[in-house]
Amino acid sequence: MKPTAILLLHCPDRLGIITEMTKFITDNNGNIVYLDQYVDQVDHMFFMRVEWETENFLIPDEKISEYIETLYGKRYEMKFHLYFNNVRPRMALFVSKMSHCLYDLLARYKAGELNVDIPCIVSNHEDLRYVAEQFGIPYYVWSIKKDWSNKAEVEKAEMDMLRENRINFIVLARYMQIISDEMIESYPNRIINIHHSFLPAFIGAKPYHQAYERGVKIIGATSHYVTAELDAGPIIEQDVVRITHKDTPESLVLKGKDLEKIVLSRAVKKHIERKVLTYKNKTIIFS
Amino acid sequence: MKPTAILLLHCPDRLGIITEMTKFITDNNGNIVYLDQYVDQVDHMFFMRVEWETENFLIPDEKISEYIETLYGKRYEMKFHLYFNNVRPRMALFVSKMSHCLYDLLARYKAGELNVDIPCIVSNHEDLRYVAEQFGIPYYVWSIKKDWSNKAEVEKAEMDMLRENRINFIVLARYMQIISDEMIESYPNRIINIHHSFLPAFIGAKPYHQAYERGVKIIGATSHYVTAELDAGPIIEQDVVRITHKDTPESLVLKGKDLEKIVLSRAVKKHIERKVLTYKNKTIIFS
Amino acid sequence: MKPTAILLLHCPDRLGIITEMTKFITDNNGNIVYLDQYVDQVDHMFFMRVEWETENFLIPDEKISEYIETLYGKRYEMKFHLYFNNVRPRMALFVSKMSHCLYDLLARYKAGELNVDIPCIVSNHEDLRYVAEQFGIPYYVWSIKKDWSNKAEVEKAEMDMLRENRINFIVLARYMQIISDEMIESYPNRIINIHHSFLPAFIGAKPYHQAYERGVKIIGATSHYVTAELDAGPIIEQDVVRITHKDTPESLVLKGKDLEKIVLSRAVKKHIERKVLTYKNKTIIFS
Amino acid sequence: MKPTAILLLHCPDRLGIITEMTKFITDNNGNIVYLDQYVDQVDHMFFMRVEWETENFLIPDEKISEYIETLYGKRYEMKFHLYFNNVRPRMALFVSKMSHCLYDLLARYKAGELNVDIPCIVSNHEDLRYVAEQFGIPYYVWSIKKDWSNKAEVEKAEMDMLRENRINFIVLARYMQIISDEMIESYPNRIINIHHSFLPAFIGAKPYHQAYERGVKIIGATSHYVTAELDAGPIIEQDVVRITHKDTPESLVLKGKDLEKIVLSRAVKKHIERKVLTYKNKTIIFS
């Protein structure tokens, strides 16, 4: 795997941006290995993901951001993020009692499918410590009291631990606790949740029971970035499965578990590969 | 096609119902050609659809209902409907300006896929008269004023016409008008609507625009029986299609049209084949 | 709708092609409204679809091809096609006895969904003349004898008629006849077929019966360009539907009809929108 | 969980079978908790799965089979299997080098989703020993030489071990070895394989590469019982996922892994729940 730089950007659509940006890279001896762009014709916004080999690139890695900002940033009102494929992001997993999403992510991690480090697993229960131990990953438990009297204190301890471990993003792998606004603001568009319904249907608690009551013929799961509003953040991935009148709330839970783990893993993978760009509470997912 | 009787029933689940009902049919020389049953383990209710050839059946067609009611009705607190495959139901189509669902249903009708009569098409606009004329079906237009000042009058005229045509059930093939409670009560679980979203997400007007705003990754369509509460009746059929950030509200409308026509036609077909049983705002769909 | 030019091209991948092509367009005052490109990393081939408004384009429409060929064609070993959105392609429909695909295409055509002209419908049977008459489209019947003794003669007459009508491409909407190699060569990658299976499974006759015999749990339909080898041409679109052991060959045919018409219509739409590029018996489908 | 008996049967369809079988159970104080039946209208065969609580059943467990055989077996030319829900089947897992199916099954097993015992994991490689150790399950390695010179010997050792462990059925969780006819005959319809294509498309080796070459727009996975003919046994479950021209053989492998594990786990679950009945190289899957 050759070293590459990955640039995600968006700006108001103007004639010639794509020409200029690709020229900037190729003129400086960058070999473009991936380019995908998209124009939002409603908002007239331009979005691009471009990746190039940096081996012979004339600008050193630590200067690229500065050059892009200087040459194009202000001129095009451009917002951008720059990543390097040889810098592995560090992911924290938050879990409660159900193991399916956790096992699915760890099995992929172990098989080398996820270019990521997992320094810690956080929970409010002891239940899944055995899974963490199977994979040799530190497991931290902070119990939150039912009256939330220690919630601020717990979140402070969690935040300290996350900082110490230089965590880049958090995955809520069926973590059954509300995240405080403060924590959300510390990880903007960097906390990924899996909600066990086809959002925006069945927001909140017990979505499978809600689905059963409503008598739907299809159920779903939704992975999204966490924002201050419950279950309302930018959607990264969704999928569905057909059900029938024969399904009970219990069988819906079982069918849903397969959806949840696949949908969450797909979203996490897209995030790790820097293929998700958020704009106005929506996501652009590059191919 | 041999003549058959079709019995749809439900009652509290008790030991031996299925034995007794099948024994009743076979003892009276009915040849069972279809049997499907289902027990709701939450509500302890028993549901069955059974169909048998009546050629040598000892009880004449017009007496079967009476016998079932007498022998089993009260004893089992049974509710049932009896149909005969040689009695074609009569269907009225209500449309506004979009032709895709109308064409889809009429093309199937013409190809002999729907065992039904279509004596009339009703609209609030002249736009689709040409389709009705292509298929030689009477087309009635009643314009409803924006202030609804003539709504009661129009519905009365419609109801008279439906009665004269001995209409058994109504299909709203993208009919963009609210149906009055009175009309709904006249056709309980016999008005089929297609809603252009994956209910209960995006109830009400412009669901594709709502879906676009929310940034979902999948859109759907839902066919349901019309009840007094908007878009909240028993769901008969749903289906979905994957979309991306590249879709605009306009492309969602186009993709949705394919969903709508297929979902509505499947629901209509199930209804005509007497394979839908409603219970507590939900449907049991027999195979 | 402003006038646009649509360029579909492919060539060996080289540094800077995308820069150069977009620069060519914007330098000559073309406003790019669509750009999608793709690099085949196995074959190192570059594929692009770019569309631009020609209102202020400095090169006149009839000269654009020449300029591209001169400036880039040889240098990049580039193969390209140029289209204009205000030139409607002319489509011939070939049918036999089943109406579902024909109705689906004509209903879309009538609703303005397909930017195409349909000067003729061709068949080997009289059965669907009534559909053509409903839509006011000339219907030509040439019967092919079972021993094929008149096949060459019939195809000659068909080809003459197609030429007279300046037909650009042919859609076999469940046309149950083999097309001769000569006719295929006259319309390379311009004859679209719908095969009623998930190719390459169940090539040839009676695929639903083959699927029934094999006991598959999912059936499909495939739309592809016709090549000399039966059912082996470049695939444009496929879709599937779940079935169960309860399905009979007859119910598979019914379920399959819904698949066939949707899959064929999607493929025809992509073709009309110039979003299909063929390469090495495969298709690149632009978004 | 109350103790139940599960009866799977099939026989030529005759008037009154369902009445008689349900009467037999209820007359002997069995409380039916599940009944599903199906008539193959082509072959005129009757299939049934019925499950009843045996707490007050008048016939002792060990005599039920004898009674059914005596009372109905010969009379109806009936073939049947009888199971008890409190007898956990014993499953052997065969693996090679890929861990995704193995992890998926073990995670479900650990979460209590599979009512099964797993006494052993068998492999031809050491690679996945660490997974077996994570879950504390004995891991046996028998290397088969490339020239198959020790194949008979290895299979004998495997068969001995399987017998010692009283294994009821085998799951090939991406086991990349051909199973000998002798071993297949020892476990008729009791060896479950996952093939990484939508059978019958792409039989044999490297199906994802075959799919890439053919340019299909959808790939699939198929779980089936192993028979003497390669990839041709009764299909239990299939599923598919959409792909595009952008997918490489490598990305197909990754996408396929998600399919494979879900499809295999669904098939294994159906098998364990005694909901699969095989007939004429096809399966009836009860709901």
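As written, the chain order gives the labels A, B, C and D, with residue 1 at the start of each chain.
The rule is short, and it goes like this: a residue touches a chain if its C-beta (ideal position, glycine included) is under 8 Å from a C-beta of that chain, and two chains touch if they have at least 3 such contacts.
The structure presented is a predicted model; accordingly, all values stated were derived computationally and were not measured.
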Worksheet item: Which chain has its C-alpha centre farthest away from the C-alpha centre of chain C?
Response: D
Discussion item. Between 0 and 180 degrees and rounded to the nearest 5, what angle rotates chain A's CA atoms onto those of chain B?
Written reply: 180
Discussion item. Quick check on the interfaces: A-D is repeated by which of B-C, A-B or A-C, going by over half of contact pairs matching?
Written reply: B-C
Worksheet item: Looking at where chain C touches chain D, is over half of the residue numbers used by both copies, so same, or under half, so different?
Response: same
Worksheet entry | Geometric centre distance via CA averages, chain D-chain B, whole Å | 38
Worksheet item: Distance from the CA centroid of chain B to that of chain C, rounded to the nearest Å?
Response: 36
Worksheet entry | Residue list for chain A, restricted to those that touch at least two other chains | 41, 244, 246
Worksheet item: So in the complex, which bits of chain A are touching chain D?
Response: 98-100, 103-104, 107-108, 110-111, 113, 134-135, 244, 246, 254, 258, 262, 265, 287
Discussion item. Could you list, by residue number, the parts of chain C that touch chain D in their complex?
Written reply: 38, 41-42, 198-202, 214-218, 220, 234-240, 244-246, 248-249, 281-285
Fill in: Complex interface listing, chain A residues touching chain C
15-16, 18-19, 22-23, 26, 31-35, 37, 39, 41, 242
